[in-house]
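Chains: A, B, C and D, in written order; residue numbering restarts at 1 for each.
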Amino acid sequence: MIESIGWGLVFVGIGFIAAGSVGLVRLPDLYCRLHALTKADNLGLGCICSGLALLFGQWIIAIKLLLIWLLVLLTSAAVAHFIARHVLDKERRK
Amino acid sequence: MLSATLIYGLSGLGLFVVGLYGALRPESLLARVLAVNVSSAGVFLMLVALAYRGNDQLPDPLPHALVLTGLVVAISATALALVLERRLREWGDD
Amino acid sequence: MNMLLWNLFDCVLALLALVLGWRVVSSHDLKRAVVLFIAFGLLMSLIWARLAAPDLALAEAAIGAGLTGALLLSALRQQPASSESPVRSLMDVYGSLVLVLVLGGVMAWALFAAPGMVQGSSSNNPIYLQLEQSGVSNPVTAVLLNFRAYDTLLEIAVLFCVAIGVLAFGRERQHVMPAGPLLGVLMRVLVPLLVVMSSYLLWVGAHAPGGAFQAGAVLAAAGILLHLGGMPTLGMPGPLNLRWLLIAGLACFLLVGLATMLNGASFLTYPQAWTSVLILLIETGAVLSIAATLVLAYRGGGAPLDQPQGEGSHEERL
Amino acid sequence: MTSLLILPVALPLLMSLLALIWPARVNQIGVATGLLIVLIGSAIVALVAGNGVQSQVLGGWQAGLGIALYADGLTAVMLLMSALIGLAASTFACRYFAGKPTLVQFWPLWLLLQAAISALLLSADLFNLYVALELLGLSAVALTALGSGRAALKAAVDYLLLGLVGSLVFLAAVVLIYARYGTLDMLLLGAMLQAEPITWVALALFTTSLMLKCALFPLHFWLPAVHANAPAPVSAALSALVVKVVFYLLLRLWVDLFAPVITPALASVLGVLGAAAILWGSFCAIRAERLKLLAAYSTIAQLGYLFLFFSLLVVMPEGAQRQLLYGALLLFALTHGFAKSALFLAAGEVQQRLGHDRIAELGGFARALPTTLFATALAGIALIGLPPSGSFLAKWQLMAQALSLGHWYVVLVVALGSLLACIYLFRLLGCAFSPGLDKAPPVVERRAQLSPVMMALIATIVLGLGSHPLWQLLADVGGGGV
């Protein structure tokens, strides 16, 4: 039971990441792309991490996975912010 | 021979050759430094593919150590090239 | 079935690496080439993990993709907007293309088709057989700091050489980006974390993936982050202390090596009881030098000697 | 006593650290290191002469697991030569860099270069050679860039990229060897190598890489700019030592390691390239407008001779004749090392005292700088190969052996090359002895640098008259292949 939930979460996560990647290619401008990439990827990674935690079933691994997810959350949010701000500055100057 | 060794070995060889081609072209210095880096990644890939012994056996650690050394040498050379290039460009501007 | 899946996965990764490498080389736009190169580095890191080389995966992510990427991006910032593409004759292009294709073909034939290529079993690999005497249980660290420590010594010397080169030819760059509020937050969270992680990598390298190079690269990332955040003096000590950091790695290495010769053994023959301690000592010195050199290279040069000295540094506090 | 072997590498490394943190005393540190390395080098020569070939695996591990150092007669003599030239260039550098801001960076880099040269000479491990080659290349590039002006920087950048490409090709060859034979230790490999495709390809890659790094025609194009624009002591080391160490490596690989694979046809390819290098290099030297450029082109030509020796040596059967030729090769390499360092140091002195080194405007040089001119003339004698210089004996041997093997073209090329060398050197001396322009060049009153004269004297007198012990040493402990 737990195993199938774990695998389910992993596949849902893969789906989110795939959707984010499609968005990166298809969406019209930079802000939309950033939005698709960060939001979908963070969610997808969260699903994958929790799925893997269930599959391993050990607390120590679950904590490590949680830490990884939080770090990626922090950096991707910050990086998206920097990119967006940089582009905004450039557009304003024009 | 393991198929993984063959696949990655050929890929590494391809990268080596592609990088060498790029490094020999009369492009800008930065482009050629990039090409040298790609090329060395190719040589490293050949080494590590060679060290792989399948999923059920430990790999040969010697090539791993050699590649680690190579990585540090590569970034050192890149750093020196970039600082010289910057100096050269400043000189040209004066 | 399982095997087939692995092969498919391998083919996808290997092809992707090849295509990315080609795009890096063939791209006319330098900015695009650099970004592709960073992606290429991350892909290589994935391949190392696949090929059972976790030490390399860590090092590639930190050094190959991370720090090389940072160096290249900062070099890119000062590139002239439009770099004229030199005119090349067809002879030039196809001449070297044919040359390297022939080279690749011959090498592939020699490696994979003609008789050759011996992959010994790892059960009789001398590195595993003698691992217990090496003082550490991570075989890669054993090779780097014990069996083939002389290679690593020369490699640290290469790093030292580049540090002097940067001191000689570079001038410190003033960062242009104003540090926003978010960067401050990021810095407060990430810098302590990176310093802790670097010490962890250094410590864990003795028995699990990790070691001096990965640790040094992570520490350098902390220094670069501080520089980006507008606190360059915090990330780097003043010019005088910087010199001590730059020589730390090579000095530890050489002094340990020469000291081991005092009781008649050959260079870098550690006394059995002291092996682990000496290896850790050398690695600690190496971490400081690697981090200092890479931060120095990112900043583009040292501050002149007469400038007032910065206060504490993370490197020193470690 | 075998522990001595690491010292020519460890000592300059340690001193380069000291030079960085104690900038006030760099000159003393540098010269003291030079002296110590000469002492160590002499001790190693004595050790090898007394006790035969020395080798040691570092770290106390068995061969194959650890990295081995190896020294035979050839290594020991090359080591002593590099120590002596290093010392001469070091003492020269003290005055050359006096008062320049680059002084502080010069010394650590210079000591690193010396360490790299020793490391290359002593190492018996293929991957270790790669790392040492990178150290050699990067320190040489940084030193070249210390030269004045944009030209030096441009030359350094090109040198860096070519060096990186060369190292990569070398590394690829190492990978091939490791893939097939599973070891990097050259002493173990020597017994294992077989004539098969992977070995041939590896040999081709090694040779290409090292040809690029030691500027054998037609891969010589980078050399003139680098050697002519580097600071004078650096040029001396680059021309006299760096390319020669790479040549030594090539010799080691062909004569010791890959000997079972070599065929006469392969060897004659290198011989023909060497002959082309002699003619082309000499021709360019005749047309060179600057003294340092002349010296750089002359290096290309003189390297050509080494490859002529090489092509004969590789195909000759074992025996006394081959022994003679091997000794002659070493004698030639040594003579060129000392003579060329003398010429570059003298050129540096000219450049500093007269403010330029344009050959056509050197009139008055003889009056202004008699000591330096003396060094130049002596170096010229050795470069042409007039008696009593060491290269006279060496060329004599080369021609005699070539005749006995029926290689007529070698005799012809050597004669022609010597004639061309006469032309470019007499043109130089002719300009130097001419009375010069109306206003005599400003002569600063100070004592002339003596190190060029010492180097030139070693090249012409010491090596010529004292060549017998050298042959003896090689005959006793020449090394694996001889």
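Here is the rule we use: contacts are C-beta pairs under 8 Å (C-beta built on N, C-alpha and C of every residue); 3 or more make two chains touch, one makes a residue touch a chain.
Being a predicted model, the structure only gives us computed values, none of them experimental.
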Applying the touch definition from the top, give me the chains sitting in contact with each of subunit B and subunit C. D
Distance between the centres, which are taken as Cα means, of subunit D and subunit B, whole angstrom: 29
Per the centroid of Cα atoms for each chain, what is the distance between subunit C and subunit D, given in Å? 32
Could you list the positions in subunit D whose residues touch two or more of the other chains? 127, 131, 134, 138, 141-142, 145, 172, 179
Could you list the positions in subunit C whose residues touch two or more of the other chains? 107, 111, 117, 120, 127, 148, 151, 155, 158, 161-162, 165, 169
Please output the residue numbers of subunit B that touch at least 2 other chains, ranges allowed. 16, 19-20, 24, 33, 46, 50, 66, 69, 73, 76-77, 80, 84-85, 87
If I apply the definition of touch given earlier, which pairs of chains qualify? A-C, B-C, B-D, C-D
Please output the residues of subunit D touching subunit C within their complex, sorted ascending. 2-3, 6, 10, 13-14, 16-17, 20-21, 56-62, 64-67, 102, 105, 108-109, 112, 115-116, 119, 127-128, 131-132, 134-135, 138-139, 141-142, 145-146, 172, 176, 179-182, 196-198, 200-202, 205
Using the touch rule from the top, collect the residues of subunit B that touch subunit C in their complex. 1-11, 13-22, 24-28, 30-31, 33-35, 37-38, 41-42, 44-46, 48-53, 55, 57-62, 64-69, 71-80, 82-87, 89
Subunit A partner contacts - residues on subunit C that touch it in the complex: 177, 180, 182-183, 185-186, 189-190, 193
Can you list the subunit C residues touching subunit D in their complex? 106-107, 109-111, 114-118, 120, 126-127, 130, 146-151, 153-155, 157-158, 160-162, 164-165, 167-169, 243-244, 246-247, 250-251, 254, 257-258, 261, 264-270
Given the complex with subunit D, which residues does subunit B contribute to the contact? 16, 19-20, 23-24, 29, 32-33, 36, 39-40, 43, 46-47, 50, 63, 66, 69-70, 73, 76-77, 80-81, 84-85, 87-88, 91-92
